[in-house]
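Next come two complexes built around subunit A: one with subunit B, the other with subunit C.
Moving on to the complex of A and B:
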């Protein structure tokens, strides 16, 4: 009998709340974020949503195809975490049907129900990491690298610029989502590349007499002994028109591999030629192939629109760090396109990349989209099911490669948000959902930060901030060398 | 005497140093939202910071700003006098903290949160003296709310009580600071936490006076209790006050950087469209730096005297016409303004964005946010403009403007009917290309050739060529 009481109470509430005239409409509700028809993993943080601001109350019922029900009412739809988790787990592989009623000017409106699909593929990673930075131009004030538990709304800083004033931090890179081994580069007077392995930190100066700068876009070798990185002095220029604002380009760009055992760099002249720009390296899961992007160099910024990167690869010897011959995988430049951020899935099945009309920084290119290559056949296609009219760019795979996340500016063309989608064995992707928030409209509309360089993290990142402060300002650095 | 202090402080901010009020207001954006309060309260000293920003928003209106700072000075003086307790006798020392603060605030980067925090702390002195073991929670709470100046009442209670428990409380203060830092504020260096996070605009910098003033406050409170045997107590008090006034005058003169003051003054006058006043000031004294040259040249243009009087003022080449992008929160303001008027909204957007991001304590700015929103409106990037306007709509002085602008969003006819936006759309570049500061004169020429009404581009182009030739001649 007891279990009927809440249901009875809820029904009474529904009746009470919706008493008076209720208008039914065949249209779908205009909810924010757009969670209509998305596919989520069981146990994800609740997909709270808002109606347009003119609605002062909302009533929502979520019913599972495999049982269970959840209700929410208030200024926006906010679901209790535990009950949401229970409902999604109960309905893994099934559908949640969402009924929405909105109250405005003394009248209730009921829209057409919409589905949320619960995938049978779990997303077991702890959460996501990202850098928050004001999007736009050359200066930054407060930035930080954060981790967010994707099963709740808990966000915590890994490191913020308040701890290291005047130092900008670059994209952080974990080894295949495992934070036991991760690195990031700190720019500024006390700059260095921080490499943390098993809780021990090393601060390495990766610039040598034989290289043009410090290592930036990095990617770990699955064996953990190496990481590949591109060295690119980055500059920005600005457009005059009303279609685009900023162009980010590299004055030069080389590719090196670092041996973290002795901090030596593999500098191969074939990958450091001034005639070509090499960028965004990524190892395959077997560790024997290194994908990266390569473009013929042109004077910048004058001829920046001529710079188009092809997708290329080379063999890699995990014993010696030796790189093989360069082989073009996809000559995008011939078709007037440019490729960035190739990311092989950790199961070795797919390779996802960004494609724009030119350049190395798809985030500032409206036309940039995500593409998927089948590594078994070499076939490639645009991910039309997840792309939008504006920029889709930085992407990464979950540890089991059943999910991926990416950055998109689809909200307003400027502020980047993190979207998550799943992929099946045929390479079909589901409709992506934006990273859930407690009160999404308030959170996303009020923030002046972009979510930059997102990645999954298998477990919670542990980082000793007090030690980091000491390390940064001690200026004790390990100088990397060049392998003979 | 207290009233005299209030009048003196009011006069100082109202007529001698009003540009500092403008600078403080321009480098923050107080929002009436719970999130804004929560964000401030999340760091040590946050309540003082929030109260300070609440007050500083009124600096938008100059007399209100001067009045607020005068009231703060009076209240602090009275708080010191009250803290001295029943045995007080000398009145003059109670002015020391307020006067030292005036000297300290001659440095425009000193935030109002410091006097606010000090006022709260000194006001707590009587409570701390009576609180006994309640100080166990009062100390950590006070430290979290107003920052390290909570040491003032803790120390005063110890000095006044002279019991071992009172001194043990000082150890408790140290333990509290360390524990709260580890538990709740580990993204800040301990030394910043100890010296105060929000007392000075630049993090990692602790001015000497920031440490001296709390110590001087304790000393001043103690001096108030001194019993000096004299037949002429009034003369003694008057002599002390005169000495303090003289010292303050000297201190203020020493702490104010004349060139910075002048540069900020130009910006303040330009914001209020008082271009003739900029020229009047520059005729008397003009700092020899590109920022001042840029402001003066812009004022010359606005007064229709750019060609005629270019040689009358300090020049430093083409940089004195339009500055390149500089990473600070002041230099590029005039350049952003003039490029906006000339028809280069994207560079204005870049400059304003960078100016805002360069505010050293990572705050936003109502003035810059408003201009960023306008640049987005002109470009037709309405979703972005809406974000900024919604933020501004939570402020006091930008709210009406923001709501007014919001009505234009996605309404092309209304944007076209707005004289400023319509003008900028009509004179802006018709082709999309990458900007290059080195070729700014060519860009001005393009603007003028596109639209012969853009006489600003033409005049700046001519001045650019003149200054380029002059510099080449010097070289």
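Moving on to the complex of A and C:
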């Protein structure tokens, strides 16, 4: 039967109007984005792609190793969503073989076929959330938090700055991808931490007389009663050389834990000393351990290159909120490195983090890479199959921990995009794919925003924007207190 | 005349009136249209962004439009029409700096201290100020700051994009040699019909000898020291530019004028080398310093190239100042444009 497939395909081409001679080449097609050899979950949005601009027409056939076939033709390869879903579901655990023909100057070229692997691990989460922001710059202008259905191309705002003029919003943080409980911090004159639980929201001032500011980087305790937050008065500086431009650092930083039942803060002097900087806390799924990063403080910005964060952890008592002793897990500073954003997988198997040469903001560090720690052995390794020569950071796990996403500047070294990859039980990762778009070249080449702080969201985030303006500008806040 | 005909005539009259109004507006405010083009917005949006157009706003639009095109003669001419605005002073100074006259002509014009040299970029800045703030950094050779201000200017602009900002972002990256990042912006401009020719000429493999020379001149100004600095460390940035390229005369004059406008005479004396740049302004500042430190002697006068005329004028100024008990009344006419007058009488407007 297989020997008939090329003949059938040629006939299809004729039917499709691909008249004229066809040149075959052994090279792989130069498609954008690079989806060659990536692994995707069944039911992901179609991996539409473009050929270089000089090709005015494209004809694509996608054949499943477990059956099924899909064709697309036009200015770029765009697949119908339902048929794509059906094909990927039929081929979960199998391979899609993609045949590409491009038309230029009256001639068709057929490249070597390439595979797209469909994982047998489903990605059931609804989508991803992210901030869209000018690349690398702390700003309070046009900015927003958005959610994107990863099974289609639908993107919608959760909150945009047009709703709260002059206020900048920090990362949206859900509880282990579940938006039934989520928060974000609004910076600016009318700043507050918005906490939404079960549809009811509160605007809380988390700064107290005993703390240096409002919480910025937060992480929910799996039980839902607490969240840990680092207080980071962020500043931005600039390099004069032509290889790096921006440096983002904290003037100081401390770590606190909030009890959302009564808005009281656990402020422990061991975690708020001015001699050290604490940042990006994350609870383990059993809720008994809190990982975070910690560095010796130096004057900034002049000695910012001396600030290197170690990976540390402490025990946590979910009954009282009490924190234990600080234990160094990985003394990266001794080796001349700096760790940020430790993220334990929700199944407790792995811990992923960013590693750069110094500092706390890997997104502006070209050398920043993702590393993976096996929590059962403590062994750690760079994710060489994921990393690129430029910055990788801001990673998060899917709700079942079989997939993760991260930010990378690999496209042009400047604008950050969201990539998704799977991980198996041995910790091996597949080639990541960039978040699909309906017309990828048009979308990614024209956008002037970076996708910042992405995370998976298990279900669609519901945030009623009615009344937000009034809530923000009324300055009616719940004042947090310090636990005795 | 039936009702239908009356209706048609009324609509035609309304269209004609609207068209005439638009033409009248364009004749009166031609820079609004150019500003709209540079910002990728309609004329209506440009008018809306500004509020109530008037001659002052037309001048401000003209300054930013001509500066983006690097038409410094036009900038200087427009600045002469401005009435005491920070934007006006900023472009007046920049146009003079391009002609090597920053210091000589500094105090011929309203100077709101250092804010006339570098526009502040912060939460209290207007979108218009932010859009203009990078022009001086681009001229001085600091591409990090120029890129930052182009990026922020774009974000705060009416359409959050626009050829003016995309051009600058493309060029800052071409100067630093980051062709991947430059391509991002050139690609967008190539898809904008009015910008296609500009972008095509800047594709790295299509540079003309003239454009290659322009990039070469810009690259010669780049700092070769990689130092991190805060947003408010203007003097440090200028000193780094000078350390990398002592021939960057514009950076030197901006540094010295910054020292003088902030009345930081100790910094001025440390930064000033009379064999590298000269101006009556610098002589005037040195006279204050030498008088205060007890260095009014021939050796210092020779070293700092202080003319006898300036020395005598300074003595006259001091004499009148003391005679009138520190009053400016009898000093304004003759000394109103000297550094002595600025140093003793200029007060910051803290509002």
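Methods note: the second predicted complex is superposed on the first by the 462 of 484 C-alpha atoms of A that agree within 3 Å, B and C clash if a C-alpha of one lies under 4 Å from a C-alpha of the other, contacts with A are read in each partner's own complex, and residues count from 1 in each chain.
What we mean here is this: a contact is a pair of C-beta atoms (placed from the backbone, for glycine too) under 8 Å apart; a residue touches a chain by one contact, two chains touch by 3 or more.
For clarity, every value in this text was computed on a predicted model and none was experimentally measured.
When both complexes are overlaid on chain A, the residue A:445 reaches subunit B and subunit C alike. When the two complexes are overlaid on their common chain A, residue A:286 makes contact with neither subunit B nor subunit C.
In the superposed pair of complexes, A:235 makes contact with subunit C only, with no contact to subunit B. In the superposed pair of complexes, A:243 makes contact with subunit B and with subunit C alike. Contact with both subunit B and subunit C is seen for A:414 once the two complexes are overlaid on the shared chain. In the superposed model, A:335 makes contact with neither subunit B nor subunit C. Once chain A of one complex is fitted onto chain A of the other, the partner contacts of A:56 are absent, as it touches neither subunit B nor subunit C.
Counted by residues of subunit A touched, the larger count belongs to B, out of subunit B and subunit C. Using the contact criterion defined above for the overlaid structures, shared-chain residue A:304 touches subunit B and also reaches subunit C. In the superposed model, A:134 makes contact with both subunit B and subunit C.
Residue overlap on subunit A between its contacts with subunit B in one complex and with subunit C in the other: 134, 137, 139-142, 166, 237-247, 301-302, 304, 412-415, 445-446, 448. Interface residues of subunit B facing subunit A in the complex, by the touch rule stated above, are 35, 182, 186-190, 192, 203-204, 325, 327, 344, 346-347, 349-350, 353-354, 356-359, 362, 364, 378-381, 383-384, 386-387, 390-391, 428-429, 431-436, 443.
Every residue of subunit A that touches subunit C in the complex is listed here, in rising order: 134-135, 137, 139-142, 166, 188, 235-247, 301-302, 304-305, 412-415, 445-446, 448. Per the touch definition, subunit A reaches subunit B in the complex via residues 134, 136-142, 144, 157, 159-160, 162-163, 165-166, 237-247, 301-302, 304, 411-415, 442, 445-446, 448, 465-466, 469. On the side of subunit C, the complex with subunit A involves touching residues 123, 142-145, 147-148, 151-152, 154-156, 160-161, 176-178, 180-181, 183-184, 187-188, 191, 222-231, 237, 240-241.
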